[in-house]
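Two complexes follow with chain A in common, the first pairing it with chain B and the second with chain C.
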Partner chain A sequence: MSGSFYFVIVGHRDNAVFEMEVFSCCSRPPHVTAGHMRFIMLHDIRQEDGIKNFFTDVYDLYIKFSMNPFYEPNSPIRSKKVQFLGQKHLLS
Partner chain B sequence: HDGPSHKGQPAQAQARARTSPASRALRSWRRSQAPRVTVTQPEKGGTPVGDPGGWASAGPPPRSFTEEVKFELRALRDWDFKMSVPDYMQCAEDHQTLLVVVQPVGIVSEENFFRIYKRICSVSQISVRDSQRVLYIRYRHHYPPENNEWGDFQTHRKVVGLITITDCFSAKDWPQTFEKFHVQKEIYGSTLYDSRLFVFGLQGEIAEQARTDVAFYPNYEDCQTVEKRIEDFIESLFIVLESKRLDRATDKSGDKIPLLCVPFEKKDFVGLDTDSRHYKKRCQGRMRKHVGDLCLQAGMLQDSLVHYHMSVELLRSVNDFLWLGAALEGLCSASVIYHYPGGTGGKSGARRFQGSTLPAEAANRHRPGAQEVLIDPGALTTNGINPDTSTEIGRAKNCLSPEDIIDKYKEAISYYSKYKNAGVIELEACIKAVRVLAIQKRSMEASEFLQNAVYINLRQLSEEEKIQRYSILSELYELIGFHRKSAFFKRVAAMQCVAPSIAEPGWRACYKLLLETLPGYSLSLDPKDFSRGTHRGWAAVQMRLLHELVYASRRMGNPALSVRHLSFLLQTMLDFLSDQEKKDVTQSLENYTSKCPGTMEPIALPGGLILPPVPFTKLPIVRHVKLLNLPASLRPHKMKSLLGQNMSTKSPFIYSPIIAHNRGEERSKKIDFQWVQGDVCEVQLMVYNPMPFELRVENMGLLTSGVEFESLPAALSLPAESGLYPVTLVGVPQTTGTITVNGYHTTVFGVFSDCLLDNLPGIKTSGSTVEVIPALPRLQISTSLPRSAHSLQPSSGDEISTNVSVQLYNGESQQLIIKLENIGMEPLEKLEVTSKVLTTKEKLYGDFLSWKLEETLAQFPLQPGKVATFTINIKVKLDFSCQENLLQDLSDDGISVSGFPLSSPFRQVVRPRVEGKPVNPPESSKAGDYSHVKVSGFAGGTCRATSGLLQIYLLHAYSQFGCLPCTFFLIFWQLFPVVGLEAPRKPRQTCCAKRVARGLWASTSRGSCWLSREVYTSAPGFWVFSTWEALAV
Partner chain C sequence: TNWKKGLLKTSSELFTLTYGALVTQLCKDYENDEDVNKQLDKMGYNIGVRLIEDFLARSNVGRCHDFRETADVIAKVAFKMYLGITPSITNWSPAGDEFSLILENNPLVDFVELPDNHSSLIYSNLLCGVLRGALEMVQMAVEAKFVQDTLKGDGVTEIRMRFIRRIEDNLPAGEE
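And now, the complex of A and B:
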């Protein structure tokens, strides 16, 4: 089962902090973190569990990242790990 | 997003491509709203619309030829019956208005027509006689007659009044004019209650006759009674309306209620059984709904609510969905009017209440306490024009709550959507619902309605209608606070303006609309907004938009605008551009600027918007700005006395925290050195090039204020992605005062930029304000002596302009001739010379150097270009007697093979005549070994100093030692109690000292040791000294 996924983390200033096109759409209600960062996923196939797990894991990752004292909130993030998580949860 | 190609079209394609998922979602919403029923009205795919996800499934395409002809005929007919022109400005309150069309007949100038039209429009509401009922009028100067056909369906769509305006100057034209008026009446004839003709220009007996339907005015100025005539006209309309209402409302016998139809239904009811219960109910329901409409128009809100309720029940039972929808919508409209007397239509609502003040109007509406009785209103209002008594009864029960209004709207829309021909009705209902929701501040639900409206396919719209449609959608999204969505539709509208199918693309309109989208994408055209903090908004979309602006402005034939937008793109989006994009953007920027160079002038747009200039502060990026001091020889020095005064005026205290604080603030901007008028001054910038290619910066110079400054621009070429690169910008101050370096200017890719330091983020500057003092003379010195082979740098950093050396035997003397040349522009007035021995043991040397200043001063003042000479006598005569440490010190200061270096700085000082103060002591004794310092001064108390270094090598008569007579030793022995032991050597012991002397141990009776460090000899005939130091053993 494979579909198209577009994942983005939106920062406080309506800026894209992290963007990822997992693979080639309807939107899912965004996941909003406690700090009001928005995780938005656009996808064209139904895969609630995968997306839920993906969000949880990415959130985990984001929390770790944001605790890095050198990370300035809202600045762009680059991560290969999210890609990996996408492969794991969304494409499998 | 597909790169920086300037394509204007794809937006529309995007809009279309996205229809499918959303329409799917919407259909599911509709399914949930509408009960599943079989539609009695035949569904037709008659209109040539190509919506992939259309609402109604079209039947299978006809096969045979005859069928096809029939199909086409029917399609043609449907086309006629279908209301095709939506009124995007409709709002719920429009249901209570009477539609009056105002039109010109014959040739009436637009200006005159609209002058009268405006006056007519001012009469938009009338209180009817003594009653509390208010009549609202909606005026149109254009109304498609096919929309009029739907007047039975919703009476506010019916043209009930016609006012024609005409010019008529002679009596013989009059019959013709009157005929035209009748022709005009025919167009809306079936629905008109009354009509009026306003004739302008006609005088004479025709004009004197008193007619109700015609009003004569001599000209467009002299027509004070227009408003009065309109009021009368409206009252006459009201009487017809009221009579119709009463007629229909009391018609309760039920024996022959006519069936009201919408245009496309008419043919479907041919030959239907008119006696069936089903048919009768349908007639009743539709009639009730119609009466409700009339009541609403006649200002009887509560009556209308009751009628609508009844109608809904009747129609629901017979599954007459189109009319059920209309009844529900009527119910909603009446409730909206009740709940929101201020109106939902925004501007149009405000216009409606022009003239009469809204609060007063609202207060007039009598709202007594609720009496929850549902009564049949027909019985109550049968006799004459009564006040709307129904307001007092049954209010709470009949009126929908704000939540119910939305539910009912949803239901109504889902019914409408079953009929392809009711597209306009559906669309307008959606828009009305959105306006209501916007007032209720329920944005999410409003967006659902709007989404629905987006995908309602009318017929093939003309390009102009499409533009209008998208603009309205954009406005509605703005209304509910969906700024980005609003911007999206505005952009689609902009793209529509230049669609390839349009013969004459409206680039100007496209550009204007694109500009309006900017706030929605959080993009402002002021580069200052981008200098602080993180980037706002979605850069990819913003870049796209900017590219479109560039393209549109180019097609508009305004290259200056293109350049401005492209520079803005490059400046603000630099971080988001890929290397290839950077190249492409700069390439096209260079293309544009070759025709029209970018300037720093703000560009004013016709709409009043001003595009601020875009300085390229990132091309190159400047990290550090430092003002450089003048080179040492040109540096001005303050006179000591003045300096002292300055210090004393500042504060009597050596240290005061307050003053320290103040000075700290001053210092933050002000730098403690000075620049000199007329001399080249330098500012060093550390720059780097962020581009992936070589950056050519031309015409880079300083921007200053406070002093007239001649900037000498530089051109530089920075390698690709260079590291920090020092650049020195120079200029000459032309006047005196305090100069502030505000920034720098550059020309990059043909764009001039003035970059102010204040606006640069992350820049390090060590102050930017410097005092410029009046011009000072410049002096060049040259000497008769050869330059020294190896120069010694004085320890304290003063620069030495000349460095000469001379070798002399002790006792020898020589003349040093110094040529002083005035190479500056100012005459040299005074000269002062001081010398200074660099070593600390100055006192030991005595007068090495002597000079006579008078001869030189006789040549002063020295005019520019003139040369004066100055002679110094060098006489080396060292007296080594009684100076125990002399040799030691000399050797410490510097050693050469052949002798001792000898240092003796002195300085020359030129002093201003006015001062008349004694020669400066060599207070700034930082000068070199031998320095001559010349200082030229002015009233400001500053002067210039030049120092030179003279190294004097003192030669021994013998260059070799080893033949010292031993008698000296004997003497020595006698002088000191010496034990013949080898002393530990000092590392710096020199070869000559080694040969001459040995360390000596001396021990005292008390057991302490004496260590002899070194014994030197300097010249034949001199004594040998030894230095003793006590060592604790």
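And now, the complex of A and C:
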């Protein structure tokens, strides 16, 4: 199934906390910023289950990430795991 | 019962988060990892010299006759009582004065990832201080140190315990 997805986590000041585009043909390195979150997905095809599972897994990951005592709020998040989850839930 | 399990989970997360907050605050207060490691050891020592009373009262263990018994009590009774884990005991020295505690999981480090600029930090060093302080109160001078750490990429966490000497005088519980 081909399609493209744009996933963004939006902070309290409407800033993009985490952005990621998932293309089926090639992968671009995710551009990430940090903050608190609303999870938003823009997509051009229906993929209800995949998106729901993706959100659940990313949310779990985010919780674990924010429990790290060394994580400074508003510092950049670098996570390859989210891209892996994107491949897993959105492109298969 | 379910509510007890819930409470245990909640308080163990709070414990882990509190310990994490302590370590990161020390990292901000001190300029280098070595000083943080020393502070954690010192704090652990002050906990250990007090905790031993509670431990002996609750566990009802008698006096240990040798270091092997001590190792068993530490791993199977003390760690279980206070951290809910039972490390395994391995790598005894031929003279019987050194052994390793292998921790397959360490509740102090749940969710923790060590950043690159703290590669010398011994995150759980408080535990070494606790062991040192507690054993000093039962007349044993020991050295405890981490030789492997899952936070640093090792497969397990290993604490090496070394018996230095028996303390003959009954020293009062001291603060360092």
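Basically, the second predicted complex is superposed on the first by the 77 of 92 C-alpha atoms of A that agree within 3 Å, B and C clash if a C-alpha of one lies under 4 Å from a C-alpha of the other, contacts with A are read in each partner's own complex, and residues count from 1 in each chain.
Rule of thumb we're sticking to: a residue touches a chain if its C-beta (ideal position, glycine included) is under 8 Å from a C-beta of that chain, and two chains touch if they have at least 3 such contacts.
Computed from a predicted model, the values in this text were never measured in an experiment.
By the touch criterion stated above, A:Phe70 is placed in contact with chain C alone, chain B being left untouched. When the two structures are aligned on the shared chain, A:Gly50 is found in touch with neither chain B nor chain C.
Using the contact criterion defined above for the overlaid structures, shared-chain residue A:Ala16 touches chain B, although it does not reach chain C. Between chain B and chain C, B contacts the larger number of chain A residues. With both structures placed on the common chain, the touch criterion links A:Gly86 to neither chain B nor chain C.
Those residues of chain B that touch chain A in the complex are listed here as 21, 25, 522, 533-540.
Considering their complex, residues 17, 20-21, 23-24, 110-115, 118 of chain C touch chain A. Put simply, chain A touches chain B in their complex at residues 11, 13-16, 25-26, 72, 74-75. Against chain C, in their complex, chain A makes its touches with residues 64, 67-70.
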